[in-house]
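Listed next: structures, encoded as structure tokens.
Each of the next two complexes has chain A plus one more chain, namely chain B in the first and chain C in the second.
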Partner chain A sequence: MNTEVILRAEGLTRKFGDFTAVDSLNLRVLQGEIFAFLGANGSGKSTTIRMLIGLLRPTAGRAVIDGIDVIATPRRVREHIGYMGQRVSLYQGLSLRENVDFYAGLQSVGGAELERRWGELRERFSLREVENEAASDLPAGLRQRAGLALAILHRPHVLFLDEPTAGVDLAGRALFWELIQEQADQGRTVFVTTHFLEEAEYCDRVSFIDAGRLIADATPAELRERYSGGYLVRASGLAGATLAIAAALKAELSQARAEALIDDNSTLSSEISDTPLEKQRRGHVSIKGSEVSVRLGSLPPERIATLRRAVRAAGAETLSIEPPDMADVFRQLSRVEGGRP
Partner chain B sequence: MLSRGGHRASDAELIGGRKQAANPMLSRGDEMPAIELRDLRKNYGRRAALRGLTLDVEGAQILGIVGPDGAGKTTLLRALAGLLEVEAERASVLGFDLRQDTASLRACLGYVPQTFGLYRELSVAENLRVVGRLHGLSDAEIERRGKALLERNGLLPFVDRSTGALSGGMKQKLAIASALLPDPQLLILDEPTAGVDVVARDEIWQILEERKAETLIVVSTSYLNEAAACDRLIYLDSGRVVASGTPTALCAATPFELYRAWGALPRTIAQAARKLPFVVAAGATGQFARVEVAVDRSPGAAAVCAALEALPGAGVVLAARAPLDMESTLRALAVAGQPPARQGNVA
Partner chain C sequence: MKFARLWVLIRREALATLRDPFTVSILIAVPLVALFLFSSILSTSVHDLPMGVLDFDRSPTSRRLVAQLEATRSFLPIALATRQQLDQALSDGRLSLALVLPDGLDRGVGKGRPPPGDAARRPQVQVIYDGAETVLAGNAEAFLGATLAATALQDAGVAAAIGQASAGGATSMQRPPVRVLVHALFNPTLDGQPFMIAGTFGFVLSFATTLIIAVSVVNERFSGTFEQLQVTPATTLEIVLGKVLPLSAVFSLDVVLMMLAAGFVWGVWPAGSVIFFLLVSTFYQVISLSLGLLVSATSATAQEAVAKTVLLATPLIQLSGFALPIQNMAWPFRWIAELIPATHYIRVSRGIYLRGEGPLDLIGELSVILLMGLVLGGLALRAVGRRE
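Entry: the complex of A and B
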């Protein structure tokens, strides 16, 4: 992963009268990263995005995107960024292709270059069949895909997607996220908000804003480790192997604990080990019949590989892992760090 | 602010409707709220939105309406709310005929549309007053019921706030409170939690859960956990009911097995898994690939796991079978829902 910072916000603040919508926000997004910007309704997400894309002047603070000072020169940032909101703005009376020509004209893309770029997007986004249909007739999933195509027609370096999948069906959401990931693979930075929390899984980093303050900024794995009951690992084998399997899982648990103690470089503000959820669920191996289970806070692929070797060597025939539910992670995060009662 | 006198005429109409509603068929407690649809059709010009939909629902419960975009979910909900002219062999909701008696029906139900339908300039309390008076409730009754509803949904501290200044989640809670104010037998909600945060979603669903013993709640949703929380689901596609049943029954009837293939590169794993002959679909999450296998082609869990772990270049560290979930269930129904010729025009 590239380590070049492409978006940086420092002390970004916006007040409306006495109300502080965004409070000294610091953000750092790396090039090519998919960065999730999550939070409750009214927490300041949209205000932040409006400041970052140069539509709203902050009360204080600064923001630099792709080397451009957004506050000093908001117009200059526009060719570097793409934006797509929850309600994609297509001119309803025009066909999709006419919309494309219109937007391309605004971005000074035309002629053979437009044909080439649109041709590629139209095929990859499966928009060929609806190209000549009126924008008003497009179902939600197609409209959002068309919106994404329009937002990247001018090849921006940073793409802002504000709830791009709201109101889109399951198949549409899956396809949309494939396209987002491809954009990131091509080096484009994606700054995205969503209320489908399982979508946070597709992101490299996840930040969470509450009452205008940033309360978390971490990888999905770090969030799962801090704000969930952990991965439920279950293994079973022949009756005679149960104790050996339990011993193998116990060894894994001690290893995980030892690593948790030395790993203290996170930017999260509280310790999950203080919460009742944590005490309740993690921390011991339990045996029920021939099934042995344990909850582990983190399970990177290499740990799964060693875990699998260890329990199979101990005689396990099955091994399954139930990951924490991302929605639970955010419920817990809101409870522990959020200002809401 | 609307004057009381200005609404007398419509009050009378609606009160008339309620009187009709008080026949033995419908008095609360005696009879269960019911929906009976036979061959329900709705065309918008040449486009058929509902193509012969048949549905029987009896009793208070949470009935979930799910399906892909354009399946006809909103049209069905609007039809059930008596807001559309429809054709049918039979179309009875709460004992009223959707083809004739929609004004009386509307007096007995609460409807929360997809787009926010309250007055943004009015306060929370004023909005409730408008709705209450339209339903012929006395001011004292509006005050009493309104307070209880706002206390329950946490909006009481914001009672004087302008509705336009509420957050998205609060607006939805107010829309639901307004719909519940006349104590309807039927509550219809069109994607009430779209764009709403997880905590507010939980609160909204708790309110629905509390109501479901006495009210028939019909709700559309695109969240998987909400679909799983319904008492019964109707899966619509192309204006028809493809399947209906409890989430558990629909899940049990799904001809897929679900596997998780864990590894550092879930997208690579998913791509490789799609090439296996028994795999129907594979998609990547952040940590593993979800792999769906057709039951009738499955060589058995052990063989599937071995094949996934042996995928060349995919780096699968563990493959394991997982319990089938709502995501797989809906995907299977989406496949089942594809008619041979999927077209938008009336045949």
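Entry: the complex of A and C
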């Protein structure tokens, strides 16, 4: 991935009557980046995408993709972008191959070049066996893969995917993201929206939109650190060992902080507590029965082994470390930045 | 515009249209069912209509008149003795209309046609009909009026006047009312079937065409393919032509199918040029398809598009002159009728089918159709290409 900005939106705004769907949005996406654009239903994700691909005229602002002003010349940008909407747009009455010929024809890709490109995609996307089947007969996972293949057949520089994995099973989604990753590795920029927050982990950068406003734009790790309850470390052992385990945890974490390996600003304290784990404050070592737990904003992998040794030495029999997930991030973000509960 | 891209769009649309069972069934069923229904049910023909005859004259003239009416096979004369019998039969519904032949009919006709202004001395033949059955009775009345006038004129020795007028020459002789002449000239038996069949082309090409393209585009919008098309390099003009051209071609086949069905099943063939009729019909589809695109642009679902098309079909039947004569409408509706494209196409199709008219005879209507095609085509292009 290089640092060239391939997509830039400035003050992008769209109003529908009195309702502001997208409010002065500023975006910068780098070439080769997988850029996740997340938000709740009705937050303005699809409206933004539709403006960026030239289907919707913004009320204000500008957008430039691959050096082309999308607002002034929406048609010019179409050869540079690929798009796959929420509903994979295969013509149901045609076979997959007929769909390929149709979309390739519109992009002026034909003859031997089409055979070569489609041949590669067909193999990589495992579509050979269904090539001659009617699009209406394809199961969701295959349809999504076929839709992605069609969207990149003309080799666009920027690929827009609007909830591409909706309705696809877990295995299908994993394969789909593998294919997206390969596209990015080839230098193609991927702008993707999704409802599956865990999919944001596959992305280089994640932005959150709420009520039409951008409320966060960072790497997944940065977001986790800033907006989640953090890593939950839980250790338990024999009844008499609880205090020793708590002390070992505190010592370890103090050391880590001293070494600047963790940047938690909270004070380490411990007490016997009934506070539910999900509401536990960061850095607060809690003892409940024979279990000792603490939440940490960050936990570098190199510290995990040290931590494990220290609590084992203090008498812990089990140790579990649960990383924060994007759902946490989204909840926190909505509460803190979006002003919503 | 890139022709290679347009060809790709046309090919796909043609394939999709011919493979879609809904479209194919509409393409075949609507024209045939419409031809059957409208030529049978909505036909203005009068056949074996029970007609009471109260003959006070009892003369050779009155008997000949009744015999002539019976010979047309349009009326089934039933002799009545008194006016009470007549009123009773009409109110019972046994009769749809009745004819009262006055005493002195024979003498009146024998004197020939009285001069204008002397109408009071003309024999007063009364036609009484059931006012609740206005359309049927109106048609019967028109037919009866024409037949009576023709009979009376023949008896009065003015057959030559009709002969001259039929040949298209102007005459300074005493002429029967224009309405009689027109019917006698182009549809001597006042058979409603050719009239309705010629009009049915207008109905089918307006209703089915609009319906198919509207549903097709709304379905494409719903399935996302239309949005996908708009993100490709295809221009709006290419997208619109890619839809309109193949559908026009398919509907032209439909016109041929209807012409063959009308000819072989009902014996109704165009009196004018088949090629001219096909050309006008093909161009007329630009209007219907444009309307369909406009309907689709304002419909979120296929159901909504169907509902709107059906709603559009109501004035199409009632105001276009397809089933009801425009000249009988109140003036605001006459103006509205002129704004309906089908009104003009139906006039053209009847002109070609019934009167064998050519482009020069129909230049006025053809100009209106051309103008409407350009305006609606432009609006459709705008609606499809509009970025929200």
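Here is the rule we use: the second predicted complex is superposed on the first by the 255 of 341 C-alpha atoms of A that agree within 3 Å, B and C clash if a C-alpha of one lies under 4 Å from a C-alpha of the other, contacts with A are read in each partner's own complex, and residues count from 1 in each chain.
Quick note on the criterion: a contact is a pair of C-beta atoms (placed from the backbone, for glycine too) under 8 Å apart; a residue touches a chain by one contact, two chains touch by 3 or more.
If you're wondering where the values come from, they're calculated on a predicted model, not measured in any experiment.
Novice: Using the superposition on chain A described above, determine whether A:Asn26 touches chain B (first), chain C (second), both, or neither.
Specialist: Neither partner.
Novice: Output check: A:Ser286 vs chain B and chain C. Expected answer is one of first, second, both, neither. What do you get?
Specialist: neither
Novice: Mind working out whether A:Gly105 is in touch with chain B, chain C, both or neither, as first, second, both or neither?
Specialist: Once the two structures are laid over each other on A, A:Gly105 reaches chain C alone.
Novice: Based on the superposed arrangement, let me know which partner A:Leu56 touches: chain B (first), chain C (second), both, or neither?
Specialist: In the superposed model, A:Leu56 contacts chain C only, not chain B.
Novice: More residues of chain A in touch with chain C or with chain B?
Specialist: Higher number of touched chain A residues: B.
Novice: What is the contact status of A:Pro74 with respect to chain B (first) and chain C (second): first, second, both, or neither?
Specialist: Once the two structures are laid over each other on A, A:Pro74 reaches chain C alone.
Novice: Touch check for A:Ser126: first (chain B), second (chain C), both, or neither?
Specialist: Neither partner.
Novice: If we overlay the two complexes on their shared chain A, which of chain B and chain C does A:Tyr91 touch? Say first, second, both or neither.
Specialist: second
Novice: On chain A, what residues does chain B touch that chain C touches as well?
Specialist: Chain A residues touching both partners: 86.
Novice: Which chain B residues qualify as touching chain A in the complex?
Specialist: Counting only chain B, the residues touching chain A are 67-70, 114, 167-170, 191, 194-202, 222-225, 260, 262-264, 267, 283-288, 315, 317-318, 320-322, 327, 330-331, 334.
Novice: In their shared complex, at which residues does chain A touch chain B?
Specialist: Residues 39-43, 86, 139-142, 163, 166-172, 174, 181, 195-198, 200-203, 220-221, 299, 301-302, 304-305, 307-308, 318-323, 327, 330-331, 334, 340 of chain A touch chain B in their complex.
Novice: Please give the residue numbers of chain A that touch chain C in the complex, ascending.
Specialist: By the definition above, chain A touches chain C via 53-57, 74-75, 78-79, 81, 83, 85-94, 98, 101-103, 105-108.
Novice: So in the complex, the part of chain C that touches chain A is made up of which residues?
Specialist: These residues of chain C touch chain A: 2, 4-5, 8-9, 11-12, 15-16, 19-20, 222-225, 227-235, 387-388.
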